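See structure below.
The letters A, B and C name the chains in turn, as written, and every chain counts its residues from 1.
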Amino acid sequence: MFLKNVWYVAGPSSDFGEDVVSRRICDRPVAFYRKSDGSIAALHDRCPHRFVPLSMGQREDDSLRCGYHGLRFGPDGVCDDKPAGDQENPAKICTQHFAVEERYGYAWIWMGEAENAKPAMIPDFSFITSGEFKCEAGYLKVQGHHELITDNLLDLSHVNYLHPQISGGSHWSEWDNRVEVDGNTVWSRLSRPNQKPGAFQKMLWGSDSERGDGRGDVRWDAPSVLYANTAITEVGADIETSGFHTPSAHFLTPETATSTHYFWVTGRNMAKDDEKVSAMMEKGVGEVFETQDGPMVEAEQEAMGNSTDFLAHKPLILKADAAGIRARRILRKLIRDEQETEGSTAVQEVVE
Amino acid sequence: MFLKNVWYVAGPSSDFGEDVVSRRICDRPVAFYRKSDGSIAALHDRCPHRFVPLSMGQREDDSLRCGYHGLRFGPDGVCDDKPAGDQENPAKICTQHFAVEERYGYAWIWMGEAENAKPAMIPDFSFITSGEFKCEAGYLKVQGHHELITDNLLDLSHVNYLHPQISGGSHWSEWDNRVEVDGNTVWSRLSRPNQKPGAFQKMLWGSDSERGDGRGDVRWDAPSVLYANTAITEVGADIETSGFHTPSAHFLTPETATSTHYFWVTGRNMAKDDEKVSAMMEKGVGEVFETQDGPMVEAEQEAMGNSTDFLAHKPLILKADAAGIRARRILRKLIRDEQETEGSTAVQEVVE
Amino acid sequence: MFLKNVWYVAGPSSDFGEDVVSRRICDRPVAFYRKSDGSIAALHDRCPHRFVPLSMGQREDDSLRCGYHGLRFGPDGVCDDKPAGDQENPAKICTQHFAVEERYGYAWIWMGEAENAKPAMIPDFSFITSGEFKCEAGYLKVQGHHELITDNLLDLSHVNYLHPQISGGSHWSEWDNRVEVDGNTVWSRLSRPNQKPGAFQKMLWGSDSERGDGRGDVRWDAPSVLYANTAITEVGADIETSGFHTPSAHFLTPETATSTHYFWVTGRNMAKDDEKVSAMMEKGVGEVFETQDGPMVEAEQEAMGNSTDFLAHKPLILKADAAGIRARRILRKLIRDEQETEGSTAVQEVVE
């Protein structure tokens, strides 16, 4: 059960060009290609005639021709050429098309009806393109339900245990921990004045201070699009405008119910021109996800079998789960509301 | 759901000799071996005692001895030797046996009760053994329901798109297209007078004519046994008795509900002694099936999941699907009739 | 459906040391480790918080710390340390722990509530450690339900067919064959006076006699723990106290419903110091299981699909199946009784 009327990251803009790329999102195959005007077309990658992927066919101008029996579809999903001699009106033959927006270096796809797409709903990730931060990016596939990764990111208490090499000297429970809900957005905010920088911060902060004021914020938006920022600044300074910041983006796009495309970006405002640091961060962050978080989430999914109903397994709830539970509830409500709306629409159609 | 009272091709005669061959047909494992009189025995490859394949045991004369506890079965499926000292009457211990007919160089198996087998129901493929044609043959396994391949063969409109290298200069829609139903046999007949030969025909026809009368016929019999013939002759000549003909056989035998044994034969009445042409045809036809039709059908099956109920997926129906739909309806009816007959038999048995 | 209140072999004692070993038993992952007092701890290998295996975490003294969010569990399954600052009382956080007994060189695990474990229920395998026999041991994984292997061992009529290389000159039906049920223990007893020794016995018996009195006993205890002994002695001598004996143990521990850990031990009271004989037996017995019994049982399971309900497949029942059927009935009854007891307990709890 996926939320449809929301934006999912389909991939970095650079993934999409003239060649057709097929990528499964919310368990639907989608064919992406860049049109002659430079924008990205996205079609349900399935011919309505024999269900084969349109991406197995050929691109013709801004259209896709099915490689089996030759039906051709425009970027609006409407058939614009069909085998001559057939009785069908091509304009009545369709495959679903999706709205795509490019922002912050990524292509975002709206999985509901394209005409309902609301670009204003794309959450703010301007740190990626603002120039203020040097960013590294990566991708991994996780064999687990996307919310299990959301849980991981909204509960940083795991850093002490799963990532001892990057955790600071202090235990997360010594930090002030606040959960804020703002509409459908959830914030998990950690802060601690006058604490020792972690090993990684020490290296790049660029300050000789033995202590600083620390911050660790994570923001969630439906369905599983997260922003995080870890920061340290001089004791008493304004952490909003000073210090060492490492904002990051975590775009979790369900491939299927139990597998997730994980696109990540991590930025820094120190040592921005140091290529060694860039290489270290790209490799280091990728390794943390691939060898620590990924396997742990996959073990969790495996223990749940193919189930995606985490709560049905009656997990023990700890204090640190507060943000994850809020996010889970909001997503459940959004999906339920969406289904009810579709349900009532269906009823109206019957009445007409 | 498979039709039982019908002939399936088990394989070329040369596949079956003294050694026991196990092949899954209609999702039943069958053990084949050639008896001392040269005919082929076919037993349900499953001992009724512990269900293990009889083909894991030993052949003894014309019987098969189970390799686990020694029950032995004759080619009629009746136990003809059992562990001494047991109380059971061996003649009451049975595994199903199947009727096998060899014709046109292939072994045909009747999947219903052997005593009901009707050899006269084997469709005509005399082109293979008539001597009139030089034939090449091959095999591939397709991970798709057999009717999806039937659809492929009964709708040659795909040739223009899936096999551009062998399609002629004209589009299939320019051909006269007729579907004929004769009892339980379906014919899809394409014809076009005064047209340009295709590239392949040009090479082998043996005529310098720039144009000829063309023909493309496909015949279907249940469950999925197809004959096809593509021909070209001089304009105005009798195409039945002259010109270049390339008859072919397509024996589609379900292995399971979603995988199919595809045995094919392709013949030609020109350049019959040219070994280079023979090699080219064997390689070329095999490659077309393995790299073009096979992957497309497998993509179609994959898009349908494990489902075999094609119509439940609400496909768009085009004019070129007419023959495939007829074949599908006939097979459905034959299966339904067979099940009703079995049902009424069962009732009678209860009455007795 | 597994019997819980019974002993299963988890593995040879030497498998378990300081490092945590995770092994799936009755479809539950279990984490084993040897405590500082030398005894073996066994915990359900699943943290109640996020379900990940505790074996992915770290051992701390006699406890296991979860590698995800740091909950720590003692060998009694009770949480003994948790992330500081949490509101939960750690003593209320538990994972199941299991009783483990070491006997005869093997670790036995009781899959029911640890406090109900009855060490006296471990069947007698003192031949392994008595010193009277030189023993070899091995392990294989069989992709089949454990009762299919029980059937194999309780019906030695298969030896003539599946292991012709080790069967004697006589057919099993020439032996006296008795099935005895003693409480929940089943014995299958074969005996034959004045018969020729088999090839293997001839080599090691150490007697020049052309004939001897033979014995072949197999004992079953729930769920699938078997003892076997094949013996030969001089005609008329007391076979209990003389002759060549090859006792063996067959510990069949369900991994899942359709896969089984098979731990085996085979002993001999002749040529005990001959290392060549030891090597031959270790290799020979292992090969018999891996290349003959294992594949046959796996073929049987495959023919049954994923089903574990053997009788639902309506097997032919032969005289030699008598012992296997008794064992199957007893296990069914034990499981049913256990479920009814659990059911009535549940009712009482409701009444309270």
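Note that in this section contacts are C-beta pairs under 8 Å (C-beta built on N, C-alpha and C of every residue); 3 or more make two chains touch, one makes a residue touch a chain.
As the structure is a computational prediction, the values presented were derived from the model and not from experiment.
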Same or different interface residues for chain B and chain C, judged by whether over half of the residue numbers are used by both? different
On C-alpha atoms alone, could you tell me the rotation angle mapping chain A onto chain C? Nearest 5 degrees is fine. 120
Distance between the centres, which are taken as Cα means, of chain C and chain B, whole angstrom: 48
Of all residues in chain A, which are in touch with two or more distinct other chains? none
Can you check the complex and tell me which residues of chain A touch chain B? 29, 46, 48-53, 56-57, 65-70, 82-88, 93
Residue numbers of chain A touching chain C in their complex, please. 151, 155, 157-158, 160-162, 171-174, 295-296, 299-300, 303-304, 313, 315-316, 318-320
